[in-house]
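For reference, chains read A, B, C and D in written order, and residue numbers begin at 1 within each chain.
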Amino acid sequence: MNLAGVFAPVPTPFDDQDRVDTRRLAAALRKWAARPISGFVVLGSNGEAVLMDDDESERAIAAAREAVPRDRLFIVGTGRESTQAAIRASRRAAEHGADAVLVRTPGFFKNQMTTDAFVRHYTAVADESIVPVLLYNFTALTGVNLLPAAVSRLGEHPNIIGMKESGGDVAQIAELVNGTPAGFGVLAGTTATFYAALCVGAVGGILALACAVPEACVRLFTATREGRHDEARAIQRQLAPLAKLLGPTFGVPGLKAALNVLGYDVGLPRPPLAPLPETAVKTLRDALAQFEEIPA
Amino acid sequence: MNLAGVFAPVPTPFDDQDRVDTRRLAAALRKWAARPISGFVVLGSNGEAVLMDDDESERAIAAAREAVPRDRLFIVGTGRESTQAAIRASRRAAEHGADAVLVRTPGFFKNQMTTDAFVRHYTAVADESIVPVLLYNFTALTGVNLLPAAVSRLGEHPNIIGMKESGGDVAQIAELVNGTPAGFGVLAGTTATFYAALCVGAVGGILALACAVPEACVRLFTATREGRHDEARAIQRQLAPLAKLLGPTFGVPGLKAALNVLGYDVGLPRPPLAPLPETAVKTLRDALAQFEEIPA
Amino acid sequence: MNLAGVFAPVPTPFDDQDRVDTRRLAAALRKWAARPISGFVVLGSNGEAVLMDDDESERAIAAAREAVPRDRLFIVGTGRESTQAAIRASRRAAEHGADAVLVRTPGFFKNQMTTDAFVRHYTAVADESIVPVLLYNFTALTGVNLLPAAVSRLGEHPNIIGMKESGGDVAQIAELVNGTPAGFGVLAGTTATFYAALCVGAVGGILALACAVPEACVRLFTATREGRHDEARAIQRQLAPLAKLLGPTFGVPGLKAALNVLGYDVGLPRPPLAPLPETAVKTLRDALAQFEEIPA
Amino acid sequence: MNLAGVFAPVPTPFDDQDRVDTRRLAAALRKWAARPISGFVVLGSNGEAVLMDDDESERAIAAAREAVPRDRLFIVGTGRESTQAAIRASRRAAEHGADAVLVRTPGFFKNQMTTDAFVRHYTAVADESIVPVLLYNFTALTGVNLLPAAVSRLGEHPNIIGMKESGGDVAQIAELVNGTPAGFGVLAGTTATFYAALCVGAVGGILALACAVPEACVRLFTATREGRHDEARAIQRQLAPLAKLLGPTFGVPGLKAALNVLGYDVGLPRPPLAPLPETAVKTLRDALAQFEEIPA
């Protein structure tokens, strides 16, 4: 399984009654399928997975599977606080056609989430999962850090093929790359440090911005890979303001608003998330304007 | 509804196949019912609620309801990341006999959890809940802080009767007390500052230690209330080492181990939590020894 | 030496040429001497000591010594990053008449400031100091924490008589009290938790608010001491908004502005500190108004 | 003034009586002068400047000036908490022959150190300094962050020519580079992210490791500059373990111990810093062994 490239972590549309809208999810994925994206992640953090129950999740997976072409990777987020729940979600995702599962660290019982606990958790999931497992560390949201020492041990597992590291600590990304086997792919989760992450050995990225401005993300990836560093640095610089807005500042409401501006029709976030205020949408629209991706 | 007093947030026993063991939950509650505890919380943080699915939760609630005497408050934890899920869990808890629900803050999308977002979330839950609602702030685990400014607004809602504040920031507890109506009860969630919280106006506490050493907790509560501050301070001092162990240090595995030492038979925690190592159990046993609650 | 009571950490006036204005320092201290304050701290954090050189410090000490009545404790801040510098400053302070020295933790080399390092530092200072030493922990400013484990060891030193703990963690204050000999006095440094700190055993406080509203602080102290907890709690509640403004929000510029409003003529802070903006002065004036300490 | 390249922030030797040992400082600098280092920083964080008084500082500057060849940049750390003190120290450094001054942010009064306060502080220093000024941000030690917004404004000052950013946040380094004029040089202060910092536009580094293994640091710099990214990445990977040890883990005591191993004879750190324990020296020696810089 080739993890090199740019992956889009897609949001989940909800309808007017706050139900998962599988039709709009599929329609949006078909639009994205026309772009040079290497694969898709559904039910990640950006997919509001933590706001959905298991039935909703399965319907979203099934609908997405239909829409994602077979030549792209189809990755499903299946992180749960309980090890058994993560195993069950991973198996169900595979049954619905996932190519791989992306398993966010449990993080509720912070003091207990030691390296040993992470190794036990992921080993159990990888042992039971039908499809390959990607680790997923997102310290800013979970409050726990899946350290290189744990990843190094987990990278030996035959069913763990890589990870998404959403933090911007490039030294940690370098350490993850250096501490794992050649076939283990480290994917960046932060656009603000995407170019630097590629420099130190990340094989690609799962980036909210890949939903909004996929061409720019892919050009950055390709330029770096082909040694055109000045070009890569220039694209990174162009992406920086948008990365800030779609990352910590506006979050999922911002991503959905940006995608609606771009014609993807992904609707509003689910409460307690609130729609992005109009002034913020205006800011986003201005930041997007320079990318010439806004439909006429 | 009288929130004054000491409440026990009870753990959930699992059996050898990692299934919820309702029989042992009921048995443990019947033992606790013989102690001077004002009420019980099931499915709180200490109840490993985040590791359980909805079906398991309902069976645990039903079993607990049977075992808790009607003259004690029976509170059920129903916090969820999604507002609708929190509403549904709260309604189901009431249908299974909860006297009140304890609703932990959503905390996954940290940057979006503003005061306005919390007010919308809790107002929606309180509007729909059949039984009174207690707010629940546990910043160390959630990474978000339900500030006095939000609580002050929520304290006006007729169906929100109080809150559990698990942080040890006594200035914040004082501000919560001072910023809410007289009938709104602030309950401390940290034994290490229980006496100080009572001094500044908390009406009681929901304390892991109330499961292990209820008499000491109740004596501390009563001494403070009756103005015997030297006695209260002495009990607080006696509780301090155990509070440290059962709080941040050993967590839920520690609480379960302590209760097993004390004869409550609550089993082991659910993965990714691991049983407390034997050396730590020894430390706990020593700390418990001075309380003369260990059965012969 | 009796550390019980309320102490005022006084600011250092500078003149129009940004020179230490010893005349105005002495005048302000004489005004304070008419209030029921147990003693004074010069060259503490509020004294902008880190912005002054050694010569300026000595002139300020000498001038203050003249103005402080002999029946009040006269404490001088002598914390330095280097152990030898702290020793020299402590000896000079004593030569200029200090009754005791208040030695803030070094904090620049954070990772190296272990319990052992603190014990070595303070032991060396206490061995060499002519007058008794008070430890001083202010984690919010220094980024290091002088833990109870270190204080417990240092409390055995015959020339270390107490400490100022500026943090609001009441559990830590309790632990400091419980882990030190009876004669060791723990002084609170945060007004927001002054009452709670007294409840758990602090013998008094060194409080910015004691410069501005000494009577209220002293009444809170006395009420707690005499078991009138309802009264103490009411005063604490009255002090809370002002404590917030003069603490983290407005800092030294706020304290100086408040004291100028109250007629103490302490001038402006030294750059890089800037004078409090007029709108903030207005906020302060309103908060002070209810205390009836503003001169007609 | 050309800031491109690798700079060594040298430690200050003290003699057996804890006095500044200018002779050994000069001798060490003469040894370093034989290596391909672009310049030297004395009295930086690694120089234990915060543990030295003004007289000692001036003697160290004068001795270093003698030893540093005129074809290398000679930079002196002159950061102080007070703006006036920073100005005075900067002027004195220039009088003793500094080519430029490196001015660490004040950081004691954290809440007051706003962007405006930093701009005022550095503008005043740059206005008065005889030689060019380098800004210096070291959040891990100071607890304050000199944000790109402030640097962008300060970069317009004709006497501010660059900055040292000691944090490992590569996105912030990119933002600093992108927000300042072409002639403004951003220097990395963390070896762990040196390669990534160069990728995003840093012109060089002031690196503790440049004292210990200058050739490797310079090869990394040159390889990146000349587009040999695979080689650069390999050197970065080789430097990583040592960067960890000499950075946060062992600090100044570690740097001095490493340099003593390497034959530089820089003595022991000043209290409260303690000499590195023997076991840690052994760890360092092993990490250094692969660099073949240990003298026979």
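Rule of thumb we're sticking to: contacts are C-beta pairs under 8 Å (C-beta built on N, C-alpha and C of every residue); 3 or more make two chains touch, one makes a residue touch a chain.
Being a predicted model, the structure only gives us computed values, none of them experimental.
Asker: For the homomeric pair chain C and chain D, should the interface be classed as same or different, according to whether the shared residue numbers exceed half of all numbers used?
Answerer: same
Asker: Through what angle, between 0 and 180°, must chain A be rotated so its C-alpha atoms fit those of chain D, rounded to a multiple of 5?
Answerer: The C-alpha superposition of chain A onto chain D needs 180 degrees.
Asker: For chain A versus chain B, what separation do you get between their C-alpha means, in angstrom?
Answerer: Distance between chain centres, rounded to whole Å: 35 Å.
Asker: Which word fits how the chains touch one another: line, ring, star, complete or other?
Answerer: Looks like a ring, each chain touching just two neighbours.
Asker: Spell out all pairs of chains that touch, sorted by label.
Answerer: Listed in label order, the chain pairs in contact are A-B, A-D, B-C, C-D.
Asker: Which stretch or stretches of chain A touch chain D in the complex?
Answerer: On the chain A side, the touching residues are 168-171, 174-175, 178, 190, 192-193, 195-196, 199-201, 227, 229, 233, 236-237, 240.
Asker: Which residues of chain A touch chain B in the complex?
Answerer: That would be residues 18, 45, 50-54, 81-85, 106, 108-113, 116-118, 120-121, 124, 140-141, 143, 248-249, 251-253, 270-274 of chain A.
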